[in-house]
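Just dropping this structure here.
Chain naming follows the written order as A, B and C, and within any one chain the residues start at number 1.
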Amino acid sequence: MKTLSLYQDRDSIIHKVDPISKLYYIGAAVLIPIILPTVSISFTCMLISILILTLGKVFKKVIPLVSFSFIILLSIIIIQGLFNKTNKTVFISLGSLTFYKEGLSYAFKICMRVINIICAFSILILTTKPSDIIEVLVRNGLSPRIGYVLSSVLQIIPQMVSTMDTIKDAQRSRGMETEGSLLMRMKAFIPLIGPVVMNSLISTRERAMALEVRGFNSKVKKSFLNEEFGYKYSIAIKITIILLLALAVIWRIIT
Amino acid sequence: MKKIVIKNLKYKYPLTEDLALKDISFQIDEGEFIGVIGQNGAGKSTLCQALVGLVPHFYKGAYGGKVLIDNIEVGESDINTLSTKVGIVFQNPFTQVTGSKLTVYEEIAFGLENFGLPQNEMRNRIDYSLELLDIYKFKDRNPFALSGGQMQRMAIASIIAMKPEIIVLDEPTSQLDPQGSEEVFKAIQNLCREKITVIMVEHKIEKIAKYSDRVMILSNGQLIDFDVPEKIFSRDDLEDYGVTAPAFTRICRGLKIKNKDTGLYPITIDEAYDLVVNQNE
Amino acid sequence: MSRITVNDLHFSYKETEEILRGIPLEFDGRSTAIIGQNGAGKTTFVKLLKGLLKPVSGDIFINSINTKNTTAAKLAKDIGLVFQNPNDQIFKNKVIDEVIFGPINIGMNKEKARINSKEALKAVGLHEKLNENPYDLSLSDRKLISIASILAMDTNIVIFDEPTIAQDYLGKERIKNIIKNLKSKGKLVIAILHDMDFVAETFERTIVFNNGKVLLDENTREVFSHSETLKKAFLELPHVTQLCQKLGFKDTFLTVEEFIEYKKSVVKNAK
């Protein structure tokens, strides 16, 4: 694992779209269901996101992400179904537990929104390289220093993990058991913390010096080696999204 | 005008009691290859840091005297300005990788982007550095997927791309195998051909003897001697300063054969060979 | 006498890339240097000896115990390994505590552990810094502390992974003496090294690893007589050996002192 990222390298049209457009999309996908809080709107948004993910050939990768939130969603359904303040109409009774329609409907809406958000963010994360996302943010005003921290963390953490393995080996060589019972493994953890922390501090300091002498703190306006990520229709997309948002607001005001 | 002038440099790191550098003075000409030798703790790394401004600007501490790079006073300047004049390569190849770039090519661009260079200029410089360090074939590889020697050459290339006139190397081959070391020394020879001034701290004494124009001995924060390698390595008190002479020199000293013209011992294998062969005749 | 036996050892981290491709070795008691290019499999081999890795096929016997049947921690009382980077190991904030960690772990009684630790620190020249924080000391001192930590465990086999990196001349002489001392106590010393001069001056036997196999395995003097083979493996000869070969000597000289002695005796005989 060289870099920490969920990026999937595919040849799809969605991959060619620029990160800012995708960010616009996330904004719309989150805001429109809030402006027009009907189930059908939420459902439609979710379908659109799924369609885009499929176009991006990354739909399969969303499923583990959604299932990750499954437990939370399930608990929302249960709690709202049982205890929502507006519960009146019985939907189903399982033994001594009664689930009400209003609560379940409310929970359903929430679940829809959560899945929607996950799908929308996944469009960005699964189809855009982290370095491209960060570069776009820096071009648009994010401090290059923060941009550096974000992008270096993705590669340096895996490096640190492999250093941890070496440190573990060193302590095992001195008689410290790491295999065996849980208690043993917990005891084994303590001699690891010191070297890991010290190593990181020392490496960070050395790296900080190396960055300094390569102009990291230079006051000059930064330039970019790569061409700007351009997509022909990015302006069209952004305008469409803004129009849709405007439409949603108008609709809300009218009805 | 001398490229580097150091006058009465004194320095103490914060929270320490002793001076790391005690009244150092010397001058270096443009294009010279200077070897710096001495025991661990003698102040060699500190001197390197003083040449690029990390001392005093990064480390703070107590600083006295003057370091002049092309007449710019280091103490009054800042690291960013100095990095366009002097570059530094450290011992550990890993911690010189920024970690924020996915290819060697982009990694080398890092410093150039920070100085706002236009794209064309960047590409020219990166191509030049890749060729000079013979790592062009790795340009699309992930920096962490390189071997130690390749990573170190990438670090040197990253500094060279910033076109400094002086490059300081602090034990650049200490973590490398013989082949890696040789690659780095060859690359540095290429630099000298481009008239770049090189200052290198090294323990591989035979290599220092072979490549240096002049050699400096530091001990306990003081400058003991600064002369051509033949004179330095002919000293008989080297061990007092925690250093030793190249094997070839020690052989000839043991056999008491000197170069008749200079009265000094040889420092390279060829010189030693000539003298031993002539002695037999 | 400690013995290590390695039978047809194969190892790979990933199925597609075999690192060690059939290593047969016997370690008797001779101090042994392992040399070879980076990537030839030396560090992997040493980790296998130490039980940190298990062979994919083949066996390693440490004093007749098969490493597959035990753990690295259990082997620690028989075989010690000094890692390349001291920062990967040091975690206590007093030198003496760091050095005593290993001996205590392998079951030494506290008094003996304390005595051994102090002796070990004396051997590396740091006995006056018992109560200092290792991270306040220099990198080369920390390297010496990591060596002391293993010496204090008094194992019969001691392996060094690149002990001379970043050491100056005095540091190297000190390590040379430590190795010679261990040898005189009957310990088996194995070391991975890149410094050919150091190898020639210190070790009786040299094994050359190349591409996951053993290329040469003989007395050090014999190994350095194969200059063509070593060149193909991207290895250099010790400097003295280089000069003597250039001078046309058939014999392989390993140290400066040896050559000087020889020349002096030639002169004496001529008179």
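We take it that a contact is a pair of C-beta atoms (placed from the backbone, for glycine too) under 8 Å apart; a residue touches a chain by one contact, two chains touch by 3 or more.
Values in this document were obtained by computation on a predicted structure and should not be read as measured data.
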item	value
Pair sharing more residue contacts (C-beta pairs) when B-C is set against A-C	B-C
Taking each chain's C-alpha mean as its centre, the one farthest from chain B	A
Chain centre separation in whole Å, for chain B relative to chain A (CA means)	45
Approximate Å spacing (C-alpha centroids) for the pair chain B, chain C	29
Mean-CA-position distance for chain C and chain A (Å)	48
For chain C, residues that touch 2 or more chains besides their own	none
Chain B, residues touching no fewer than two other chains	none
For chain A, residues contacting two or more additional chains	none
Footprint of chain A on chain B - complex, ascending	52, 54, 58, 79-80, 83, 87-88, 90, 92, 94-96, 98-102, 105-106, 109-119, 122-123, 142, 144-145, 155, 158-159, 162
Chain C-facing residues of chain A, complex	163, 166-167, 169-179, 191-195, 198-199, 202
Touch list for chain C against partner chain A, complex	47, 50, 52, 71-73, 76-77, 80-81, 83, 85, 87-92, 101-102, 105-106, 135, 149-150, 153
Of all residues in chain B, those that touch chain C in their complex	38-41, 91, 147-149, 171, 174-180, 203, 206, 239, 242-244, 246-248, 250-251, 254-255, 269, 272-273, 276-277
Complex interface listing, chain A residues touching chain B	2-3, 129, 131, 144, 147-148, 151-153, 155-156, 159, 203, 206-207, 209-227
